[in-house]
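In the two complexes below, chain A is the common chain; its partner is chain B in one and chain C in the other.
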Partner chain A sequence: MSLAATGRREASPGSGRKQGRGAHRGDGARKSSGRADGSGVVRTYRYAFLVPAVAVFTVFFLLPAFFGMYLSLTDASTFVPDTRFIGLDNYRLMAGDSSVLWNATCSQFAYAACVTVGKTVLGVAIAFLLDRTFRGARFLRVVVYLPIMFSTIVVGLLFGYILKADGPLNVLLKPFGLAQDWFGSFDLALYSVTAVDTWMGVGWTVVLVLAALQAVPAELIESAHLDGAGPWQVARHIKIPYIRHAINLAALLTFITGMKAFDMIYATTGGGPGTATEVLTSYVYKQLNTGALGYAAAVNVFQFLMITAVALVINRFVRRMEATA
Partner chain B sequence: MTRRPARLRARRLLASSATYTLAALVALVFLAPLYLVLITSVKGTAESGTMSFALPASWHFDNYLTVITTGDSLQALGNSVLIAVGVTGGTVLVCSMAAFVIARRPGRVTGGVYSYLLTGLVAPFAFIPAIRLLQQIGLGGSYLGLILTDIAVQIPFITLTYVGFIRQLPREIDEAALLDGAGSLRLFFTVIFPLLRPVSFTALVLVFTYAWNEFQNVLFLIPDADRWTLPMTVFTFQTTHSFDYGLVCANLVLTMLPVVAVYLVAQKYIVSGMVAGAVKA
Partner chain C sequence: MRRIRRIALIGAAALTVSAVVSGCAGDDGTDASGHVTVTYMLPSSWVGVPGFKENVRAWEQKTGHQVTLAPVPDANYDALVQARIASKNGVDIFAGQDTAKDKAAIMQPATGPWVQRLNPDVRKAVTSPDGKIWGTPSADGLNATGVLYNKDVFAKAGITAPPTTLAEFRADLEKVKKSGVTPLHLAGKDGWTLLQHRSSVNASFIGADKDLVAKLDGNKVKWADTPGFDQEYQALSDWVNGGLTNDDALTSTYEASTAALAKGRAGAIINGSWALGEIVKSNADAHIGFFLLPAADGHNTLGLQKPNMLKVAKFSKVAPQAQDFLNFMIAQPQAQSFLDANPGVSAFTDVKAAKPSGGVADLQKLVDQGGSVLPFDQQSVIPQPQDDIIAAYQELIGKRADVAEFGDRVQKAWQSAGAKSGAAGF
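Entry: the complex of A and B
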């Protein structure tokens, strides 16, 4: 879920917003525990406890990444067991396919950008709505969060039916002349998929922004009211600046997730029509179906490097924002 | 003097009616698709074909029975439970243990291990080479290979959550247990682990829903359809029963049901987990 960890800020679970305090308390406890230091520490807090996590993480997460670099230099196939070292041939092949790859990369960025704008704008709006007190607010919150729990495949299939050319949405829109071939149109398909993704994931942004909104000190809002500020002014000049950090964070994490998006596309359009919604992973999947493991690995390496680079840049961004905040 | 309260009241009325209108709109957008899938799931073959908002002319609750008895649903349910339980149990165990030592014994080794594990939060999982790697260590296409892979994907984030929590636990607890003669294993499992319940519950819910819904790893790492999880079989079911939306929707509902149940029971933990997770990022 969260990818841009800096490692130096652990929040206290449960009251995550006020990280600083938890960390300080931890420091205090460490210093005051004179007795457990020295040989007691070595016997009590054994390094052996680290081994299972490190072993599983190394073998099943990190090793594939390095193994992939090797595979990308071979003619490995899913059909034949033996592989031959072929140098940079797969990468030359990639360069030959550069227009296809470029198209997939652009789609991936466009997808990430659309999802980020959609989830952030609507998420902030819904969070403001849920921050008001009205009857049914709790129920509405449950409803908005619910789709996060569903499988992307299930949501994708469901909307595949709803957005069909003769599906229920078009039946509703037809009298107004707004019916569209949502997933079948070359121009619309990518946006339709991001809309479904937004429907499913906007609740996550709402969770974050609403938590931040509810942490805005009541005195701040009250004193603004006393100064004669209306609800819009309070929102713009008091609340938004106060929750800007949460909004930025939600947007950036949404973007990274969008850079890896595949499930929703696979479940709705499968990359089509044509290559209108083809992203990097769906391209890789297609290559894999032809058995070309080595080539798929090469594309995977490219994807890996690109996502890591984007994530690092974003990480930088978050840190700098934290420093200025 | 009398004009002002009247205007204030009018404005308040306007604001609250705007609130309710927007709330109703949001509720509609989120509930209409769910209503559609529910209502279609109890319609007969001919009627479900149009997928409309209308109530069914005849109620076909037997759709659910058909799905359970004809599809691979039961097999897939078993697979899902096995995988989700394995991933959840494994992740909670290895992460809480590692986090305990990382939090309690600050130093170069633990600091290095911690940073090492956290690289997984930035780097994406390389699923293509994982296929061949699992084959070569004899775990290709197996439940165990998938479970260990899913655990590895979850380790960075869940360890982070545990470390943050354990750092807040007073050390006096450890010392008291040590004075009673507890060894490190007993200290951890009988004293510390029970105290981690709040964060364990959050981890449990997050990892369970991840493993339940996870799709990409199943698709790439498990070629054998007999070992697929429920969400995956929804796909195959849809292809074989594309003529009968009633059955497909009943299948979708059955797949959603377990996570909805988990959600309604554990809502509080899910929300606190998501907030904690993102703030840490």
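Entry: the complex of A and C
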């Protein structure tokens, strides 16, 4: 009822403008009919404006998603021209590969958790640093954001060189007995990749949090200072609560990105050594290499459902936290 | 209004001209002078190979026909060929698609005077069970996997002849280590290089049991039950555990391994004979030899890869000319000039490298001995779970898995690949 009323209210000015143009041309008949049809036109053209966005979303997102789901129910393969509907067989095969899938899922969660913690903690810290006024602050902002603009493959190759067994980092660390085979160690490889990913992507969190920090009202901070609050207390009791929504958003989006991570892993370790850095996405890639399109699509559907579920849970948790804060 | 009319007139004129021009071409793809254009879709890396374009131009001059070379980045090659085949347009000659189940639907069987010139082992390998040959072999050299070794390093370590047993090989590696050089360089970051060990080992397995591929493809035997499996992989594990391989075996690359071998920093690598070109790039003066990886029972077998087979598309309107072009490219004079520019082992009995390098000469000797088999991956109908096998290899050489666990992982990957492909028995 209220929506309909709103619709009528929105329709009036539009029809009035149309009527005005008609009156200017001296077309009295069209003037009256324009008022009658105008509300209908307005009602429909609101939806017409949505058409391009809906069309793009449907063609580039919805249709491929549905096609992927359909593929997961077939035996589609790059080696066989015909595709047969096989029901849930691919999902049964996934159950047969459960130990490998479980390992990949755990690694994906560990990866997402590490990059989320790393990028959020570092990002917030750097944003606080850059929120201060000092010489070179603008330059530092550029420097922090710069790595995002590099190609992931280039960054992967670069760190492959820096972190290799006899690379520059180990040359520096060797005198202290801290040299490691960063990408070659089964125990360290996953964390080495997350460190590189954090280095590359922390700028995005910085930008988001810094924008929120700069929106904190100056008078609020000033009154806190007048009340005798020190920098730490201002940060803890004024700024962080004020920018919590931005931190939460950055963390949530970083986690979701981490749950889909592939390019950095592919560029640095290729999923190895062994399966030490194999995540769901690299597992899907490996399946595609064997031509098993249907099976790869099934794993993708599984990953999509898992990310959606996790994102919903995190979102609800964050909202509850914000509500109680 | 006048402008719109003018644009419409120009458009109509352009359409008319294009219709007239295209009408000059016949349905059989010939132009007004009776010549045709053959579209050859090839991986980008093939275009710059010495001697290739010269032979293409020679055919064009001889026949008056044209060859349009359509290079495609290697990584996207198969997908783009499949797209052109699906649209039945834009390609007359292509490579790959060897695993297509219905070959007759997309390509034409090939024949020519070259069939009788083929090395008997190669002829057997390229002839399908129905007696047809799906594709024309290219002039490229044949490849095999085995041990590429630095002759100077081995000589300095006091090794006078290549080993024939696993025990001898181990002893040789120990000698190289004592001389202060890394005996065997593994390039675990480029996982495909580890698969060359598998390819070498599998060739000897097939040599010992000709039905092995069928048995494994039918899931009638387990990989670990193959005679010699435990010994071969235990030997690899022992080389790593005995410090006979490089410390960065998991993170080293193919380029690093070939450079180390070329410059005498490593005694040997396990790879394909194609690596000889890369080694020469690092050090043109390197003396490199080639021998087969010793087998557990002492009887190793050469796994000789099929030459690249070039196919004429089923829908090609210029199929006779395309086949004539392919036949010309491997006629004796052209095949010989190509091999002179790219020394290797030819698939043809009447083509030999004039001055083969050590590695090529060693391989030629093995090919001439006969008795080679087609590598496992080229015989098997199961899509090879290469990434999973690479992961298993990395765990073996990373000391995270023993031979029994390695065998389990390979078997699981094999079972999974067989089931996903819908093969009978899985």
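FYI, the second predicted complex is superposed on the first by the 253 of 325 C-alpha atoms of A that agree within 3 Å, B and C clash if a C-alpha of one lies under 4 Å from a C-alpha of the other, contacts with A are read in each partner's own complex, and residues count from 1 in each chain.
Everything that follows uses one rule, which is that contacts are C-beta pairs under 8 Å (C-beta built on N, C-alpha and C of every residue); 3 or more make two chains touch, one makes a residue touch a chain.
Nothing here was measured: the structure is a model prediction, and the numbers come from that model.
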{"item": "Which superposed partner A:Ala165 touches (first chain B, second chain C, both, neither)", "value": "second"}
{"item": "Contacts of A:Gly272 with chain B and chain C, given as first, second, both or neither", "value": "second"}
{"item": "In the superposition, chain B vs chain C on chain A residues touched", "value": "B"}
{"item": "First, second, both or neither for A:Phe186, with chain B first and chain C second", "value": "second"}
{"item": "Which superposed partner A:Gly87 touches (first chain B, second chain C, both, neither)", "value": "neither"}
{"item": "Which superposed partner A:Asn289 touches (first chain B, second chain C, both, neither)", "value": "second"}
{"item": "Which of chain B and chain C A:Thr78 touches, first, second, both or neither", "value": "both"}
{"item": "Common ground on chain A, meaning residues reached by chain C in one complex and by chain B in the other", "value": "78, 164, 166"}
{"item": "Interface residues, chain A side, partner chain C - complex", "value": "75, 77-81, 93, 96-97, 100, 164-166, 181, 183-184, 186, 270-275, 278, 286-287, 289-292, 295"}
{"item": "Interfacial residue positions of chain C with respect to chain A in the complex", "value": "78, 82, 99-102, 105, 188-189, 191, 247-248, 250-251, 383-388, 390-392, 394-395, 398, 400-401, 412, 415-417, 419-422"}
{"item": "In the complex, chain B residues that touch chain A", "value": "15-16, 19-20, 22-23, 26-27, 29-31, 33-34, 36-37, 50-53, 90, 93-95, 97-98, 100-106, 109-110, 113-133, 137, 148-149, 151-153, 155-157, 159-161, 163-165, 167-172, 174-175, 178, 184, 187-188, 198-199, 202, 206, 209, 212-213, 215-216, 219-220, 230-232, 234-235, 238, 245, 248-249, 252, 255-256, 259-260, 262-264, 267, 270-281"}
{"item": "In the complex with chain B, residue positions of chain A that touch it", "value": "1-7, 9-14, 16-17, 19, 22-23, 25-26, 29-30, 32-33, 35-36, 40-41, 43-47, 49-50, 52-54, 56-57, 59-65, 67-68, 70-71, 76, 78, 126, 129, 132, 134, 136-137, 139-140, 142-147, 149-154, 157-159, 161-162, 164, 166-168, 171, 199, 204, 207-208, 211, 231, 246, 249-250, 253, 260, 262-263, 266-267, 281, 284-285, 288, 293, 296-297, 299-301, 303-304, 307-308, 311-312, 315, 318"}
